[in-house]
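Two complexes follow with chain A in common, the first pairing it with chain B and the second with chain C.
Let's turn to the complex of A and B:
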């Protein structure tokens, strides 16, 4: 393995030249396996109008192993805990090397659009979500306003 | 910045299906995409077919099947023994890959010659460079035909060269700032002086590219590519240097593309036809290491003429990788290389993947890791890792980290009042596995590069190993 695999170069090139709407991923100057990512909250979700920062790291075994993704911006979401870790199948058991950075980030965006409190990572948030959905959504909206920088 | 230069070199060697989008037949990008492996995104190398109808590089899919027994595309169950080689696709891809550059150039340059007026923003600085190119062209004729052919637009001769090339370049030169600019396809042609001929395939490359990347590739893929460069160079000799001046921009391309394509096609076709005659080499079996003694393992390795040094784990990895190379080479491939070459590939893989990491870490955690045998770190990245045991045995370090983090918090609180609360730092403790990531970025006190340092040392180590 001569430093960076071609696949990573290719993916990065594509991300930079042909970005996904609402998602921005830029490799770090010193480490091209580390990406600074921003995702816009999807429309009609409690997270709309928010811009969320994430970090993404491609482990040595990528693409055999899933990328590591974490929210840096605080977010009120049943599948994202307060350390920013994400409960998402394609990041764990359902990872496949045919997936790529682009598809993973799209899945994260989709997770924002449809929270799943039945498979929680942040238990307290999920409980809130199940018991008083309106309040939880309002709180998510409030956190978005407070922590996620405005567009 | 040698690293950046190296990266640039690497980026310029990467092809992408979207290269065709700016040509006359953008639909070709679809063909280009289809002939690529979904795992490595490169052209299929020794393609194999799964029972579910998907095609991957033999090595890519075998490596993945060492981890998961399913198809990466449809998640259907899959085992190595189910893979079938696809000679047809294999020849199709190699044939296409050898034609690709010409195809691209043909479609691109003919477009250029028609839209000269549109792209006439030639900058002044670039012209001298091309002047030197052309003058070189005049002095030593034979060599340069080859150089131009493999690197840039061969057909463009003498004066017409100047117009065409400078347009080509100016179009590509839309540079952005920062690291992202590296990825925006600024492929500046290397200056003539830095070109050198590869001793193996005879093509000319940029010196650095030759030393760092190409020689290795050429040695590895030598067997696969051999017929192709031999062809193209003989064609280059046959084709008389066209004396026509400006009118000869498009014409020679057409001539050339007809001639070699016949040649190339027959070679690939013949190879496909002859592929039915299979050699009698047996598949290497997977081993059940848990029931093997160390001596048995060593015997097995030495019977394959593999080195028996290293830990048990390293020997197991060595066997597994060799088994993969072996089966891919002797079972899937049309033109197999001999065992010696396989062992050479294994050695170059080991140099970057299976060694004990050369360590040069600075942070507290890493120093601590240095003291511990690497076996502790086994499974660190997987779910099998014993998190609780890890937490118990390293409580001290976590305590100290928490202290550091809290101090960092106090400091950063002065500058940014509503940051993270202290109980979050406590939670960091609970999630011991994530400690370095989370502490560092939550508090901003410890720089968030512990993850990066590790990857960095890895990168440098593999760089030095490729130099061997």
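Let's turn to the complex of A and C:
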């Protein structure tokens, strides 16, 4: 395997030794650029009590290029589509090489706490969210219970 | 044997015409910013190979001469535990650290690290300050000329 940049080793060590509350990221033993991630749904959000699985991949150009992050657990959220792709500025145009795996995952966690239906990725969900917010939130809770229950 | 120019249909005079047209389009493009209508119009008018060149010119990064001009920091002015936020390594782990400072926000990075970033972006990795906004625009027509010379050389 190609050698791993020192930065990735340092980041991984810190993720394990000094984890972010509610976020867990473990590198795959065969590929240290591939992380299995879980994020706990933030309290007082429709995702509360849910544990969401994600995958995170560090491309060859990392940190010049953003990590690729995707939800594996089904989630009802206006900025996450049914393939789990996430609409988040720091993963695209606002990526900076001073950001890290931990800051990206914190941003994803923050996105769960504050869905933004005005900048949608899942158009149907965003429409629901804008038109019938109460119903959309209820549905997000229901999906959390159904798909993201702690095993 | 045919020359590169003949094979690619770019004889000398053609190339200079092309350059004139390109600089005209370029200034038009800059005046209008990223107008979609203009881009569409252009895409109908010019061959694909030229569109690419045009878009290259307006690509997001900083010119090489800007990156080369960044002020360097002397080793004795670096703090003991100071590290580059791009590679996360202490500057002083390197016997001969080559550290630069961005002119406006004064954030420091390894030259090697920040050069790669600034070749595709114009923002400071730490504060997103637009590094080019504090300097007069560098004349890109000169840069282009050199590129072409390089091709024929």
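Everything below uses one rule, namely that the second predicted complex is superposed on the first by the 148 of 151 C-alpha atoms of A that agree within 3 Å, B and C clash if a C-alpha of one lies under 4 Å from a C-alpha of the other, contacts with A are read in each partner's own complex, and residues count from 1 in each chain.
Just so it is clear, a contact is a pair of C-beta atoms (placed from the backbone, for glycine too) under 8 Å apart; a residue touches a chain by one contact, two chains touch by 3 or more.
Because the structure is predicted, anything quoted here is derived from the model rather than measured.
Asks: Using the superposition on chain A described above, determine whether A:96 touches chain B (first), chain C (second), both, or neither.
Replies: both
Asks: In the superposed arrangement, which partner chain does A:10 touch: chain B (first), chain C (second), both, or neither?
Replies: So A:10 meets both chain B and chain C here.
Asks: Under the stated touch criterion, name the partner, chain B or chain C, that contacts more residues in chain A.
Replies: Partner touching more chain A residues in the overlay: B.
Asks: State whether A:64 touches chain B only (first), chain C only (second), both chains, or neither.
Replies: Touch status of A:64: both partners.
Asks: For A:32 in the superposed arrangement: first (chain B), second (chain C), both or neither?
Replies: In the superposition, A:32 touches chain B alone.
Asks: Which residues would you name on chain A as touching chain B in one complex and chain C in the other?
Replies: 5-7, 10-11, 63-64, 94, 96-98
Asks: Would you tell me which residues of chain C are touching chain A in their complex?
Replies: 85-89, 113, 116-117, 120, 123, 125-126, 128
Asks: Which residues of chain A touch chain C in the complex?
Replies: Interface residues on the chain A side: 5-7, 10-11, 63-64, 94, 96-98.
Asks: Quick check: in the complex, which residue numbers of chain B touch chain A?
Replies: Interface residues on chain B, with respect to chain A: 6-7, 10-11, 13-14, 16, 18, 38-42, 60, 63-64, 67, 70, 72-73, 75, 178-180, 183-185, 212-213, 216, 349, 352-353, 381, 424, 427-428, 431, 434, 437-438, 441-442, 449, 451-452, 455-456, 458-459, 462-463, 466.
Asks: Across the complex, what residues on chain A touch chain B?
Replies: Going by the criterion above, the answer is residues 1-7, 9-14, 16-18, 26-34, 55, 57, 59-61, 63-65, 70, 72, 82-85, 94, 96-98.
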